[in-house]
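Taking it in order: structure first as C-alpha cells, then the write-up.
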C-alpha cells in the first residue's frame, strides 16, 4: 500500500525521508565495499524484472480474485538485504515519478515501509531463521509466508502510524488498524506463497543463485532466538490480536498506547503535537482563516443571544463565500497565465 | 603489427552443467584477416567468441592475442585491443542516451572531455548514427541499436573487432550498410554468422565449427564448394552459389 | 497497479515529453527538483481544513506545463488517476468528522468534507508537480540532480539501470504471458505456474545481467561510473529556484484566495 503526499504532514514526511535516505546511504556504502562489480547491472535489471513480474497476474485459489508479486522478499532472498533495499527503493522512485504512486514526499515513507521491513526485518529475522541450513521446499514455503506476512504487517502498520501521526486523515487509529492489518495478512500469505514458488524454481535450475548458507546474510548471521521470537510475536500481535482487540475494545487499545507513550490519553488532532502546530500556524499566518469555527466555540455560540450570533454568523458566511470566490478567481488567473505563457511560447 | 594476431591452441570448454561446448579448437588469425566462424546452432560459436575477450576461461588450452597469452594480468590490455559486439544490442547499450553509451568506453580509458567528444562523434559518424546522439537506446529500432552498439566498440579504437551475428535481425538495407561498414574496417575482423552470403562477400577465410571442433578452415569459395563437408556440419551453400531457382543459371 | 500495461505506455509518453527543448527543459535539473521539493513541502504544510489557500499553488504546475509546452490534456488525465490510496483514506473523513465548520447560507459544511477536499487538492498539486517535473526534466535528469544534491552514486547508477531495462523486461514478460495464454485455453494462471513462468523470466533476466556486465567489462568498466555532467547551476537557475520558492512562501502565509475574494465582494475578513 503506497503512502501518499496528500496524507502527510511535513514533519512525518521529512522524518521518513531522512530515515530512508540514511538507510540508502548506508546500503550504498555496504554494496560498494562488499559486493562484486557484477552486481551493479544485476541489481538494476532485477529492479526492472520486478516491474515485469508485477505485470503478470495470477489467480488466487478459492477466491476468484487475482494478485501480483510485490517482490521485496524475493529480492532480499536473491540479493541479500543491502542490495535488495536499494533495488526496492529504486523501483519505488520510478513508481513515484511516473505512476504517481504516492508522491515525492511520501517516497521516504514508502521506501521505509516496503523496503526496510522486508529487507532488514522479515528476511534476516524470519526467513533466514526459519529456512535454516537445509533448504527444503516445505521449509522454504513456510519461511517465505511467515516472512512476507511479517514484512507486510509491519509495512501496513507503518502506513497507519504515519497517517495517524500526520493528522490529515480523521480515521481513528483503531479503525484504521482494523482496516489495514487483516487485508495485509491475506496479501502477505499470497506474497509468501508466490515468492516461494519463484525461489524454488530458480533453486532447481541454478542453485548457486540462491544463497543458502546463513553466512550469506550478515544482518542475520547472529541468530538470536529471542529477537526472532519477539518479532514473530509482534507480527502476530499486529496482524491478528490488535485488530480483534481494537474492534472489540478500542478504549483498551488506547489505554495500552497511553501506557506506552506515558500519556493519559491519545493526543487528538486539536491537542498534542497537532494542536501545537496548529497554534503556531495560526500565529504565523497574518491573515488567519476566521471563517473556520474552532471547536469548543460551537457550544458557547448556541447559548448566545440570537442577534449577536447572527451577526457573527453572517460575517463568517461572508468570509467563507469570499474565500471560495477568491479561490475561483485565482484559479482562473492561474489558468489564464498558463494559457498566455503557452501562447507566447508557441508564437516564439 | 604482430599485436593483431589471434591464436587459439587446443581450446576446450566445459560449462558448469557438464555441457562440452568446445572440444579441441585451434587456429591462428593474422593481421588484417576477415574471418567468419560458421556452424549450426549450438556448434559452440558464441562460446568460442566469449573466450577471445576473457569472459570465459578455458577448461584447457591457451589463447594468445598479439604477443601475450590471455591471463588475468593481461586482461585489461587485451580487452582494450579486442572490441566485442554482442548478439543482442540491448545487452550492450545500457546508458541513458546514445551519446553516454558511446562515451562510456572512452571515459573508462581516462580520456579527457574533448577527446571523448571527438571519439564519440567519429564513431557515430562511421556507423551513420550521428543524428541519434541524444536519443535513449530503448527508442531506437533494431538496426539503429545494432549500429550504435558497433559504435560503442569502435569508439575504443580496437585493433581486433569481434562480432556475434552482426546481421541478425537487420532489414536488407541495414544489412547492406553494415557490410559496407565492415569492409571499411582495416583491422582484423572475426565474426560468427548464419548469413552465408555475407560471409561469401566479406571474408577472406571461413572456419567451420561443428560439435565443438574445427571441421573446415579455408577460403570461402573452397569451403562452400565442398558439399559433403557442408552436409556433415548441417550447413548449406550460400544462396548466391545455389542454382538460381528463377532463371536456372549457375554461379561458378 | 492494475493496468500496468497501459501505465507503461503512459510511461513511454511521459518520458518522451522530456526530450522537449524549451527554456524550462534546458534549465539545470537541480533547480527544477529543488523548486518542486519546496513546492511539495509548502503544500503539505497547510492545516487539515484549509482548502482555498491551496488553490493559488496551481500556478506552479500550470506555468510549468505552459512553459515546458507539455500537452495539457495528457497531464490532466494523468492527474485524474490520482493516487487512490489517499482518496480511499480521505473519504473516511466525512464519516468520522461531522462537526460543521463552515456555514454558507443554510448549507453546513463539516470538517470531514473540508479536510477531504483539502486532501483532494493536495493530491492534485503534489501528483501534478511530480508529473510535470518528469515531463520537463526527464528521469535521467532527475537522477543527475539528486546525485549532485547528495544521493549516493551507487543508487544513481541503480536508478539508471532500472530505468534502461524496464521496457526490455516488460516486453519480455508480456511476450511470455501471451504465449502462456495462447496455450492455456482460457484457464487462469495458478500460483505454481506463475512461479515457473516468473522464475523463468528471472533466470533470463539474470543471464542478461551477466551479459551486460560482460559488455561493461569489454569497455573498460572498473567499478567507477563516468557520466557527462555538462549542466551548470547559473544565474537563471538561481532566479528560477529563488523566484518560485519566494512565491510559495508568500502564498503559504498570505491567503491569496481570501484576499482576492474580499477585494471583489468588499467583505473584509
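Order as written gives the chain letters A, B and C; numbering starts at 1 within each chain.
We adopt the following convention: contacts are C-beta pairs under 8 Å (C-beta built on N, C-alpha and C of every residue); 3 or more make two chains touch, one makes a residue touch a chain.
These are the chains along with the protein names UniProt gives them: A = PDGLE domain-containing protein; B = ABC transporter ATP-binding protein; C = Cobalt ECF transporter T component CbiQ.
Computed from a predicted structure; not experimentally measured.
Student: Farthest from subunit A in C-alpha centre terms, which chain would that be?
Tutor: Using the mean of the C-alpha atoms as each chain's centre, the farthest one from subunit A is B.
Student: Counting C-beta pairs in contact, pick out the pair of chains that comes out on top.
Tutor: Chains joined by the most C-beta contact pairs: A-C.
Student: In whole angstrom, how far does the Cα centroid of subunit A sit from the Cα centroid of subunit C?
Tutor: Those two chain centres are 17 Å apart.
Student: Rounded to the nearest whole Å, what is the centre-to-centre distance of subunit A and subunit B, using the mean of the C-alpha atoms as each centre?
Tutor: 50
Student: Indicate the whole-number Å distance between the mean C-alpha point of subunit B and the mean C-alpha point of subunit C.
Tutor: Whole-Å distance between the two chain centres: 43.
Student: Which subunit C residues reach two or more other chains?
Tutor: In subunit C, the residues touching two or more other chains are 15, 139, 160-161, 163-165, 168, 208, 212, 216, 221-222.
Student: Residues of subunit A that touch two or more other chains: which are they?
Tutor: 41
Student: At least two partner chains per residue is the criterion; list those residues in subunit B.
Tutor: Residues 94.
Student: Which of the residues in subunit B come into contact with subunit C in the complex?
Tutor: Going through subunit B, the ones touching subunit C are 50, 53, 55, 76, 79-80, 82-84, 86, 88, 90-92, 94-97, 99-100, 103-105, 107-109, 134, 136-139, 152-153, 156.
Student: Where on subunit C does subunit B make contact in their complex?
Tutor: Where subunit C meets subunit B, its residues are 15-16, 19, 139-140, 160-161, 163-165, 167-168, 208, 211-212, 214-222, 224, 226-228.
Student: Show me the residue ranges of subunit A that touch subunit C in the complex, using the header's touch definition.
Tutor: Spelled out, the residues of subunit A in touch with subunit C are 1-10, 13-14, 21, 24-25, 28-29, 31-32, 37-38, 40-49, 51-61, 66, 68-69, 78, 86-87, 89-91, 93-94, 96-105, 163, 167-172, 175-176, 190, 193-194, 196-202, 205-206, 209, 269, 278, 281, 284-287, 289-293, 295, 298, 313, 315-327, 329-331, 333-335, 337-342, 345-346.
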